[in-house]
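Next come two complexes, and both contain subunit A; in the first it sits with subunit B, in the second with subunit C.
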Partner chain A sequence: MDALYRRLTTANLKNSPRLWAGFAIPGTVWLTVLFVIPFYAVACVAFGTIDPVFRDAVPQWNPLSWDFVQAKQIFTSLATGPLRGVAIRTVVYVVCAMTLCFVIGFPIAYFLARHAGKRKLLLLVLIIVPFWVNYLMRMLAWVNLLSVDGLFTRFMRNFGINYNWLDGSPITVTLGLVYGYIPFLILPLYATLERLDWRLVDAARDLGAKPRQAFRLVTLPMSKAGLVAAGILIALPMFGDYYTNDLLSRSPSTEMIGNQIDFFLNASTQPQNGALLVLALSLFLLLFMSFYLRSTRQQSRQVTR
Partner chain B sequence: MTNQPFRPMGRRDFLRNLAITSGAITIGGSLLAACGDSSSPTTVDGLPIGTPDNPIKLPVTTDAIADGLPSESGTLEILNWADYQNPESIAIFEEKFGCKVVTSIYDTEEAAIAKLRNGTFKPDLILGMTDTGLAKLIAADLLQPLNKSYIPNFENVISGLRSPYYDLDSQYTVPYFIYGNGIGYRTDRIDKNAFAGNGYDTLWDSQFSGKLGVLDSYRDTLAMAMFRAGNFDANTTDAAIIKKAGDDLVALREATNPKVDILAYQEMPAGNRDINFTWSGDLFTALQYLPEGVAPDVLGFWYPEKTVAKNDFMCITKTAKAPVLAHQLINFLSDTDNALLNREYVGYQPALETITVDLLISSGTIPESLVEALVTPEKYDAGFAQVSLEPTVDSLWLEQWTRFTAG
Partner chain C sequence: MSTTTRRRGSPLVFVIWGYIIWSLVPVLIAVIYSFNDGRSRTVWQGFSLRWWITDPYASIFRNDETRNAISNSLVLAFATLLLVTPLGIALAIGSQRIRGRSANFVQGLTSTPLITPEIVVGAALLLTFTRLFTAVPLGFFAQLLGNVTFSLASVVVIVRARLVSIGTSFEEAARDLGATRWQALRFVLLPMLWPSVMASLVVVFATVIDDFVITSFLSAGVSSETVPLRIYSSVRGGATPALNALATLLVLTSFAVLIIGLFGLSTWRKRHGERGGLRAALADVTRMES
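Right after this comes the complex of A and B.
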């Protein structure tokens, strides 16, 4: 153990670049096996062909032989064709759902981190417990609650709200997204807020800042990294989500890009279209990732200064 | 009744996939026209494909089993859709033949055939395959011809299906269930006479906005729009007709905000839908989902004069370890009483001539309001078949479907 400790001392580590590199091996293997290779396979399907006899996707493993004809069609459809509406709708739903998640989730995370006191753990568990139940099961429960004679629908009628929630409603789908993903926002946000140096907020207050000013000028900037990380964490799965729409709407008027991917991959004779949409979505999500990476890099620079 | 959209693949998924796969195999109209000789195989890219106009006698590469062999002891392995056989029927068969039946489930024909080709599935008997799946199974040389001496109940099969277009002389297949496309509706909300005057137009009526559904099956639903417009080729290659069907479905979407799924059998009995374009068999399954106290005759079905009618079948694999037992089970399920028992669970209608409309009604399991949902041999003969489309035509169909579903 002593020998290991000595090897892991800062001085030794600085002189042992191979040891540092060694730490990256598991992650590199993990990423290669579970991300890079599968992603390359998706690209090979997207730019591949279809078996003329059995109509299976035939991946084209050689990038030099990739066929981009179908890709052109799909991207044209996304830009000006039938898929354009789906793409726009997906962005709108996700932006609305994310906004609601922040509006609801940030105060909860803030309260947990700042004011929950001894009840912090209990409250945290209470927030998490419902999400031990499978996502599908929770959504199916909502389907029953929101049906015409469902408990929730009947309850809302007491307040004069007679709304057919499952009538292919964008509101229902957006709220479904919020419900499904909000814990994934609260938890990382709570982790960030809990680590904040609240003495800075106290200092701001001592120097005359009003609570709102202290929040806007100190708390919010300090929690930016957590906000961005939490936002990314929920945005990525939301963009590819199709279960929520399938369960709570099933109407073309609320179709999201994930539904189209599901259709092309599982229920059509053109699986490469599904793979192409996955690539298109990935390209789009890269923008988010770039923003996140840029943001964290800036953060680390500020810390090291 | 609990909604169960995410469940093991069942009959409705099967029918949707059937329509999908019917668009999955390459065959061109010009080629069809050129293949008039029904006695020789019609092959395209290695696939033997029959159509009603050009029925096919499939190639035989191996002999059927000999006559009079004893049944094997041990296990009979079946490959089937989920919930597509009555466990009670299977238990009776096991007791009668002193064997054990093990069932594997498949959820798409493509996946099943892929796993049959690579050896993941090694069943003796396959249930529920369709003509397009058959073409692939034959191309991959996965089936053995049947010895009908083991299947005396074959004479119960609907006469029009004893030598079907996809397998002349039924060398490899015995029909299992039949169905037709039509409109299910709630009799407590829609007068059945509404269809007499309006027919398919009823689906475009905005009064059903939010309470209407159509099949999540691009071949079935686009074909329905074509029939409404007076175009009765369910396999059309005409881009203008396909586009018109797409336009009409977009109009339907704008008028009624329909649900696009395969859940009519749950949503209609639950009262969430007034009307649904669906498969006839769904209405029989729906009877099991009626809430307590709701009379069965709340469900009705309009069977259009111009519509699609299809069937699936049973077949035995070339590598079957218990081929005699497999033949025996086909014969067992083709027996009238056994088929009725099987139907009680599955819901769909056995493809047997002996199971008449009168017999089903007298059995007391089908309300008068659903008599129209029963497929008679005459209806089956009058129905249109969906055959495979060449990829470029299939793309046209998919393009219009995307216009509809993309909202």
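Right after this comes the complex of A and C.
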């Protein structure tokens, strides 16, 4: 009945397509010009040529005459050459950081959604605070603590640990990624778990399932889509991260793909390589992005139905 | 029953408080060191306000470059708000109501920027402004266009969620009572959208004032240096606690905006008899429901 009513009323509003199209046009044009076309520009620089005199990248605006020599070189370099280490490192750091984020974040979201009780609002506010503290501030805080005479370094010296945290340490970079992105994981996780129908889990328990079984057979399957979406939501920016590395390490030994992009585009005379790496990264991330968009679209369809 | 659930949750209490301490204490320490009397950001040498106001050259409110960065940040944030709000509201309404193939295109176009890594957007716009749209010089104008592009999607998502929850019945009622389509939109729908508009203002302001990647890719040196860029370039140098003070100021600014926004949202809700106090307002500004 409700669905029928909604269909009738929406049908009524939908009969002025021109008006609504008029509303959508300015924003659509904006995004086409400043979001879609820029990707074309990246491709044109990536598959363009290099000026023989000034050594600068010359974009090739006609896709029919794109030149793939440099592209082949960069992709070979990513697969087997000098950039291979960067590619592997990026994936390893992100996978480790993601795993840690879930290990820490899931219990927190679970507790917030199920057992927080009277303190829920307070805990929620305290969990949201880091979400609103600037990323740079949070990194700066750790730079202060981890520097040679920083509080944390001095504290660890009491236990005989004398470690140079801020000089190309993979541990610092990975933990930095965890620290930076975990707030963005906990909130979507919490939203997913909060929406679950926990009566089903209780039913499983009543029917004799052990807590672990109920978790594996009921909670996890029900929340899987949300967990994957939340994971993708932080994996995407992590793959493109270069500032965490820049702030906490500054060493070539921990460089990620983002650092190479930043270097080629902002500090070198080879913007073409930067453009190629941007394309490579985008292609790689396109997988995750399309998966995410499809799953959220399904969810929103379920909600509106 | 309730006692068993509570007991099952109890080790998690330590996890959650541990997390809260881990996530907040380092930041608090950084804030405290902005009041350090010495030049060190790591060794405490007594309390002073020298890095905030008393030092005539180095304190953040008296140092010319820092003041320049603060004003650049504010101008950029407000200019972005001015452009992105009308653009985003219109796009949200339009994209929610058109149908067919173009609807899918618009839908995809409005959700992709939200999940594209900033470095990709920044790099793409940098190459565009330096090679294709060369009429746009790097600096304030490019930064403005970049920030509008990147934050447009979040306005659309927030406003669209509100549109879905409002439904079309109010507008239909207005139409039945003789309002024109435009009047129904202007006097019925738009006022009801206000909480989502307020939430978007808060979110966009905080995004732009904190933005580092896009703003840095599109900057043109000192003339367009914003607060995050200034912080970034000095974190690993031998900067004084003025750096901590500047970062604290940035955090305080976004919190001030957040609190004003939350307060406004819950007041609006109360006045209009809508349910959900602070928690609904928090959900609005953290995009938890998107």
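Criterion: the second predicted complex is superposed on the first by the 239 of 305 C-alpha atoms of A that agree within 3 Å, B and C clash if a C-alpha of one lies under 4 Å from a C-alpha of the other, contacts with A are read in each partner's own complex, and residues count from 1 in each chain.
Note that in this section contacts are C-beta pairs under 8 Å (C-beta built on N, C-alpha and C of every residue); 3 or more make two chains touch, one makes a residue touch a chain.
Remember, it's a predicted structure, so these values are computed and weren't measured experimentally.
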Which superposed partner A:Ser147 touches (first subunit B, second subunit C, both, neither): both
Among the partners subunit B and subunit C, which is in contact with a greater number of residues of subunit A? C
Quick one: is A:Ser268 in contact with subunit B, with subunit C, with both, or with neither? Answer first, second, both or neither. first
Which partner chains sit in contact with A:Leu136 here, subunit B, subunit C, both or neither? Use first/second/both/neither. both
Using the touch definition from the top, say if A:Arg250 reaches subunit B (first), subunit C (second), both or neither. both
Identify the partner contact of A:Val86: answer first if only subunit B is touched, second if only subunit C is, both if each is, neither if none is. first
Can A:Leu293 be said to touch subunit B (first), subunit C (second), both, or neither? second
Looking at A:Lys224, would you say it contacts subunit B, subunit C, both, or neither? Reply first, second, both or neither. neither
Can you pull the subunit A residues that subunit B and subunit C both touch? 136, 140, 143-144, 147, 149, 166, 243, 246-247, 250, 266
Within their complex, subunit A touches subunit C through residues 6, 9-10, 12-14, 16-17, 19-28, 30-32, 34-39, 41-42, 44-45, 59, 104, 107-108, 110-112, 114-115, 117, 121, 123-145, 147, 149-151, 166, 179, 182-183, 187-188, 190-191, 211, 232-233, 236-237, 239-243, 246-247, 250, 258, 261-262, 265-266, 271, 274-275, 278, 281-282, 285, 289, 292-293, 296-297, 303-304
Touching residues on subunit A, where the partner in the complex is subunit B: 50, 52-56, 77, 82-83, 85-86, 89, 136, 140, 143-144, 147-149, 164, 166-168, 243, 246-247, 249-255, 259-260, 263, 266-270
Using the touch definition up top, name the residues of subunit B that touch subunit A in the complex. 2-6, 16-17, 20-21, 23-26, 45-47, 108, 110, 113-114, 117, 136, 139-140, 210, 216, 218, 253, 257-261, 263, 270-272, 391, 394-395, 398-399, 402-407
Which residues of subunit C touch subunit A in the complex? 5-6, 8-9, 12-13, 15-16, 19-20, 22-24, 26-27, 29-30, 33, 40-43, 87-88, 90-91, 93-95, 97-99, 102, 105-113, 115-121, 123-128, 131-132, 145-146, 148-149, 152, 156, 164, 167-169, 171-172, 175, 181, 206, 210, 212-213, 217, 228, 231-232, 235-236, 243-244, 247-248, 250-251, 254-255, 258, 278-279, 282, 286, 288-289
